[in-house]
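One chain, chain A, links the two complexes that follow: it is found with chain B in the first and with chain C in the second.
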Partner chain A sequence: MKNESFGKKILNFIGNNSVPILFVLICVICIPISGFSASYLINEIVTRMGRNIFLILCLLIPIMAGMGLNFGMTLGAMAAELALILVSDWQIWGIPGIVLAMILSIPFSIVLGTFCGKILNMAKGREMITSYIISFFMNGIYQLIVLYMMGPIIPIKHSNVKLPRGYGIRNSVDLIHMRQYLDNLIAVRIGGVKIPVLTFLIIGVLCLFIIWFRKTKLGQDMRAVGQDMNVARDAGINVERTRIISIVMSTVLAGFGMVIYLQNMGNIATYSSHSQIGMFCIAALLVGGASVDRASIGNVFLGVILFHTMFIVAPKAGAMITGDSMIGEYFRVFISYGVITLSLILYETKKRKSKSLVGQQLAQAQKDEEEKA
Partner chain B sequence: MNKTRRLLFQIGAVLILAAIAFCMMVIGRGHTVYFDNKILEYDDETYEPPYKVTVYVGGEQVAKLNAKERGMATTIGQDFEMELKIMEVKGGDETRETYQIKLPRTLDGIVVNLPGYLAGLPEEAWMSEFVPIVTESSEEEEVPGGDEFEMEDLGDF
Partner chain C sequence: MQTNSPPLLEMRNIKKDFFGNQVLTDINLTLHEGEVLGLCGENGAGKSTLMKILFGMDVIRETGGYEGEILLDGKPVSFSTPFEALEAGIGMVHQEFSLIPGFTAAENIVLNREPKKRNIFSEVFGERLDTLDYNEITGRAEAAIDKMGFHIEKNMRISDMPVGHKQFTEIARELSKENLKLLILDEPTAVLTEKEAEALLRSIRSMSEKGIAVIFITHRLHEILSVCDKVVVMRDGFVVSDVPAAETTVNEISKWMVGRNVSSADSRDIRDTSGSRTILSIRRLWVDMPGETVRDVSLDVREGEILGIGGLAGQGKLGIPNGIMGLYEAGGTVELDGKPIPLNAPRKCLDASLAFVSEDRRGVGLLLDETLEWNIAFPAMQVQNKFLRSYLGGLVKWRDEKGIREVTERYIDELAIKCTGSKQKARELSGGNQQKICLAKAFALEPKFLFVSEPTRGIDIGAKALVLNALKKFNRESGVTVVMISSELEELRQICDRIAIVSGGKIAGIRPASDPSEEFGMLMVSMVK
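Showing the complex of A and B:
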C-alpha cells in the first residue's frame, strides 16, 4: 500500500513536471554530444539569463490575473524599440541612454497596454489567442510608424538610423554606444564566467517587487479575479479595471525587459526583434514548468536555464549527429513551438479531467443521497 | 479626497520621470571628438603642428598623431578631458599635460585643431563641426512590404 502510494506520487510528479523533465533529458543527451566546455556553457547561460529573465518575469502578472500567457508582451517590445530608435537618433549614449529609453517606453507601453487590455476584456476566456492576434495587428501599425512616419513626421536626423531614401528606419539600428553598458557597469569574473551583477540586481528587485505586489490589495484583487471573475465582481472588485492594470503592468515591464535585452545584443533588428520575442519567452516559461494558470519566479529561472541550454547546444548537437547544423536550428524552433503546444494540450487535458472528476463526485454524492433516502 | 491624492501622486510621478529623462538627455549626450594635428591659419598667422601628439582619454590611448593626421574619440557628456603627450620636434622632449574642453551640446561630431587649441586661440578658431559626407548607397535596403507569412528563425535569442 505504501509502495503503491509512493509509485503514484512519482507518477504524479512526472505527470505534473513532464515538460521540464523532457527538457532535462534533452539537455543531458545533447550537452555531451555538442562537446562544449562547462565554462563556455555556463558563460553563455549566465549571459542569456541576464538578457532574458526580466522579459519573462513580465508574464507572471497577467497569469496571476487569470489572463493566461500574455502574447501581447510584444507590444511592450515594440514600445522599447521605438524608444531606442529615438534615443539612438538623439545620440544619448551609455547608461543615460538606457535609462532614457526605459522612461520613454513607458507612455508607449501604457497606451498599447490599455488598448490591449480593453480588447482582452471584450474577449474573456480567449485572451491568449486574442493577444496573439493583437500583436500581429500592432506590428502593422508599428511598421507604418517606423517605415513611413519616422522621417517626415517624427524627425529622424542621422543617416545611420534613417534609410537612404530619406524616410523610414534601417533594418538594423546600431546600439554600439549602449552595448552591454548595463551588464559591464558592475561585472564580476569568476573562473572565466562573466556575471553581470547589476543586471541580476535589477532582476532581483523585480522579483522582490512581484513577491511584494502579490500581497498588496491590487495583487490580491488580481488573484481573486484570476480564480473566479464572478466571485471577484460580487466581492466588489472592479474586474475589468484590474485586468487592464495587469496587462499595462506587463507591457511596461516588457518594455523595460526589451531595453535590457537589446542593450545586451547591441543592435535592433527594427522589423523582427519583437516579432517572436513573446513566443520564445512564453516557451521558456513553460519549459520551467509553468502552466497557463500557474507560474512562479522559480519557473522563470528554471525555464531560462533549460530552454537556453537547449538553444545553445541544439545546433552543435544537430551538426554532430546529422552533419548539418541547420537540423539543430530547426530543432530548437520546432521545440519552442512544440513545447507551447504540448503545455496547452496538457493544461486543457488536466482541466477537462478535473472537471469530469468533479462531475463524477457530484453524481456519486447524488447517488449516495438517493440510496440513503 | 482619495481621487485628488491619487491624481497628485500620478502628476508627481510623471514630473519626476520627466525630470530624470531631461537629466539623462543632458548627461548622456554622446559626442565624437576628432583631433586634427594639422596646420591652422588664423588672423594671418600660421600655426604649425607638433611633430607627434599622443592623445589619452580616460587613461586610454585613443590616437597617436603625426603632423597632418587626424584621430578620434567618443565621449559622453559635455565635459571632455584629454591628456596630450606632445613631442614638438623629432627626437625632442615629450611634455604631458591634461586639458579640459567644454563641448557644445548641439554638435554630434566636433573637430578640435590641436595646434590652434595649444596656442590658446579663441574657441571659434580651433573648434568646428564635423560634417560627415553621406555617400549614396548603391543598393536599397530590403524592408518589409510583402503580404507573405514567413516562419522566421529568431537566430540568437
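Showing the complex of A and C:
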C-alpha cells in the first residue's frame, strides 16, 4: 500500500512538473554531445542570467493579478529602447547613461502600460492573446516614432544614431560606451567564471521587492483580483484599477529590465530587440514550471537556467549530430514556441480533468452506496 | 420579543415589478433587535428579490427600482449599492460562495478590510502599499470565529476546505464587521451536513442573544421552527402568512408555501396511464450540473402521458433533462423504447427522436439574431434533413424556403405568437413569445418524446395559459409523451397526469396530479440537502 502511494506521488510529481523535467532531460542529453567545457557553460549561463532574470521577474506581477502570461512587457521594452536611443544621442555614457535611461523609460512605460491595462480590462479572460496583439499594434507606433519622428520632430543630432537619409534611426544603435558597465562595476571572478555582482544585487532587490509586495495591501488585492474578480469586486476592491496598476508596474519594471538586457548586449537592434523578448521571457518562465495562473521566483531562476542551457547547447549538439548548424538553430526556435504551446495545452487538460472530477465523484458515491446495500 | 422598542427593520408596502411582471406586492415586514425571522416560500415566490431590495443590489436599480419604504432603526433608508447596506450594518451570506479560493479563512474574513501597518513606501506612494498586519488579521479572524461559535481552521485555505466550512467562513466574515445589526442568511444549510446544520442553528441562537437580528431563508422547515421567533411565508410575491414560530407546524407552513387553491382541480382531465407501456426508462442517473446535481435517479415514463417533475430550486430537477440530453456530464442508463440512449452525446438524443425545450431560452433555446423562420426550422433541418431539397442526387442541398415559411406561419397562427411576420428577429420578441418559438421549434421536429424545462419561467399569466394549452394539445393530438419540469407546482397540477418530486437530487415520490398540494409540499422538503 505504502509503495503504491509513493509511486502515485512520483507520478503526480512528474505530471505536475512535466515541462521542467522534459527540459532537464534535453539538457542532460545535449550537454555531453555538444562538448562544451563546464567553465564555458557556467560562464555563459551566469551572463545570461544577469541579462534576463530581471525581465522575466516582471512577468510575475500580472500573473499574480490573474492576467496570465502577459505580453505587456514588450511595451516596457519599447519604452526602454526609446529612452536608450535618446540617451545615446545625448552622449551620456556609462553608469550615468544607464541610470538616466532607466529614469527616462518610466514615463513612456507608464503611458504604454496604462493604455495596455485599459484595453485588457475590456478583454478580461483573454489577456494573453490581447496583449500579444497590442504589442504588434504598439510596434507599429514605435516604428512610426523611430523611423519618421526621430529627426524632424524629436531632435536627433548624431550621425551614428541617425540614418544616412537625415531622419530615422539606424538598424542598430551602438552602446559600446555602456556595454556591460553595470555588470563590470562590481564583478568577481571565481575559477574563470565572471559574476556580475551588481546586476545580481539588483535582481536580488527586485526579488525582495516582489516578496514584500505580496504582503502589502495592494499585493493582497492583486492576488484577490487574480483569483476571483467578482468576489474581489463584491468586497469593494476596485478591480479595474488594480489590474491597470499591475500592468503599469510590470511595464515599468520591464523597462528597467530591458535597459539591463541591452547594456549587457552592447547594442540595440532598433527594429527587432523588443519583438522577440516577450516570447522568450514567457517561454523561459514556462520552462521553469510556471503556469498561466501560477508562477514563483523559483520558476524564474530554474526557467532561465534550463532554457538558456538548451539555447547554448542545442545548436552545437544539433551541428554535431547532423553536421548542419542550421538544424540546431531551427530547434531552439521550434522548442521555445513548442514549450509555450505544450504548457498551455497541459494547463487546459488539467483544468478539464479537475472539472470532470465532480462527475467521477458522483458516480463513485453511487457505486459505494450500491456496494453497501 | 421587545415590542416596546422601535423595530430594527421595517419594510412597508414593498412593490417590485420586472418590466411589468409583478413579482412583489405590498410586502410588510418588521424585525426587532435580536429577533430571528424565518423566510420561506417556493422558488419564484419573491424571497430573493425582497432580499436584493433590502441589500441594495444593482439589479434592482437597473430594472427600475422598487416602491415602498424601508426603515432601519426608525429612519427611512434606501441603499443604492450593497456597500451602503453593509455600512448601515446589514450583512448577507449569499447562496453562492463569495470567497477567494487561494486565501486562508482568516484572509477571507478580513478581505478588503485588512488591518495595515504604515511603512516608508506607503508614506510616499499612498496607503495601498501599507503592509498587512498578519497578527492582527489572525486576531480578528479568531474573534469572529469565536463569536460564531463554530470552530473553523483560520489558517486553512478555502480550496482545501469542506463545503460546509466555506459557508461558516462566510458567516464569520459578516460577523467580523463590527457594526453588524442584521444578518441575512440565504439557504445557508443547503450545503451543510446534518451536524454542521445543527451547529449553524446554535450559532444563529447565540448571534440573536448578542442582539443581532437574523433573516433566515431555508427550505428545511423544521430548522425554521427550531430556531426562529417568527415565520413569514411568501407565495407569488405576496406574504401569505406572518406568524410566531411557536404557533405553527411544518405541515401548515408547507401548505402555505404551495397554496391551497384547489378550485382549478375540477376542470383538469387527468388520465390514468397505469396501463400504458413504459417508453422512457431511466436507471441510476447522475448528472453533474452545477447547482442542480442529480444523484441516483430511476424513473419510468409511460407512453402518451404528461409527467411533471417538480421540486424546489437547486434540488436537481433541471439536471434530469439536461443530463439526458447530453448538455451536462451524466452517467447511468437511459432507454427509449427499449433502445439505450448514449449519454453525453446530444446529437444521438436528437436522432432518437427526443426533443428538449431548455429553461435557458436565450442561451440554448434560440438563435437570437436570426429570423423566426430560421429558429423554427433550424433543428429540423439539421437533425432530420427536413425543409431541404436535394439536387444532383443529394450532392447539393438547398433550403426549401417556401416550406419553411409555411410551417413557421402555421405555428405563428396556432400558438398565437405576436410578431410582425415570419422574418422578424427572435431577439425582438417578448419573453412569452420567445418561449412559444422554442416550443414551435421542438414541435417542428415531430419528436416521439419531449422534455420541456421551465416553460413558463418569466412570462406573464396570459402567455402561461397559452403555452400550457399548446403543450397539452400537442400531447393529446400527436400522442407525444411530454415530461415537463417546473418549479410551479400549480401549473404541473393543471396539465400533468403524474408528478414526480425531486428532492436532494433524488426522486422523493411520484403521485397522481390529483393528489392534494400539501402531499407534494411535504415531498419537496423531505430530502432537501
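We adopt the following convention: the second predicted complex is superposed on the first by the 357 of 373 C-alpha atoms of A that agree within 3 Å, B and C clash if a C-alpha of one lies under 4 Å from a C-alpha of the other, contacts with A are read in each partner's own complex, and residues count from 1 in each chain.
Following the convention adopted for this analysis, a residue touches a chain if its C-beta (ideal position, glycine included) is under 8 Å from a C-beta of that chain, and two chains touch if they have at least 3 such contacts.
This one's a predicted model, so the numbers in the text were calculated from it and none came from an experiment.
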{"item": "Touching partner for A:Lys217 - first (chain B), second (chain C), both, neither", "value": "second"}
{"item": "Touching partner for A:Ala235 - first (chain B), second (chain C), both, neither", "value": "second"}
{"item": "A:His177 touches, of chain B and chain C: first, second, both or neither?", "value": "first"}
{"item": "Touching partner for A:Gln227 - first (chain B), second (chain C), both, neither", "value": "second"}
{"item": "Chain C versus chain B, contacts on chain A by residue", "value": "B"}
{"item": "Which superposed partner A:Val358 touches (first chain B, second chain C, both, neither)", "value": "second"}
{"item": "Touched partner set for A:Glu369, first chain B, second chain C, both or neither", "value": "second"}
{"item": "Interface residues, chain A side, partner chain C - complex", "value": "212, 215-218, 220-221, 223-224, 227-228, 230-232, 234-237, 356, 358-359, 362-363, 365-366, 369"}
{"item": "Touch list for chain C against partner chain A, complex", "value": "82-83, 98-103, 107, 111-112, 114, 116, 121-122, 127-132, 134, 284, 286-288, 293, 295-296, 329-331"}
{"item": "Chain A-facing residues of chain B, complex", "value": "17, 20-21, 23-25, 27-31, 74, 76, 108, 132, 134, 136-137, 140-144, 151-154, 156-157"}
{"item": "Partner chain B, residues of chain A touching it in the complex", "value": "48, 52, 90-97, 99-100, 103-104, 106, 143, 147, 158-159, 163-165, 168, 170-171, 177, 265, 271-272, 275-277, 280, 308, 311, 329, 333"}
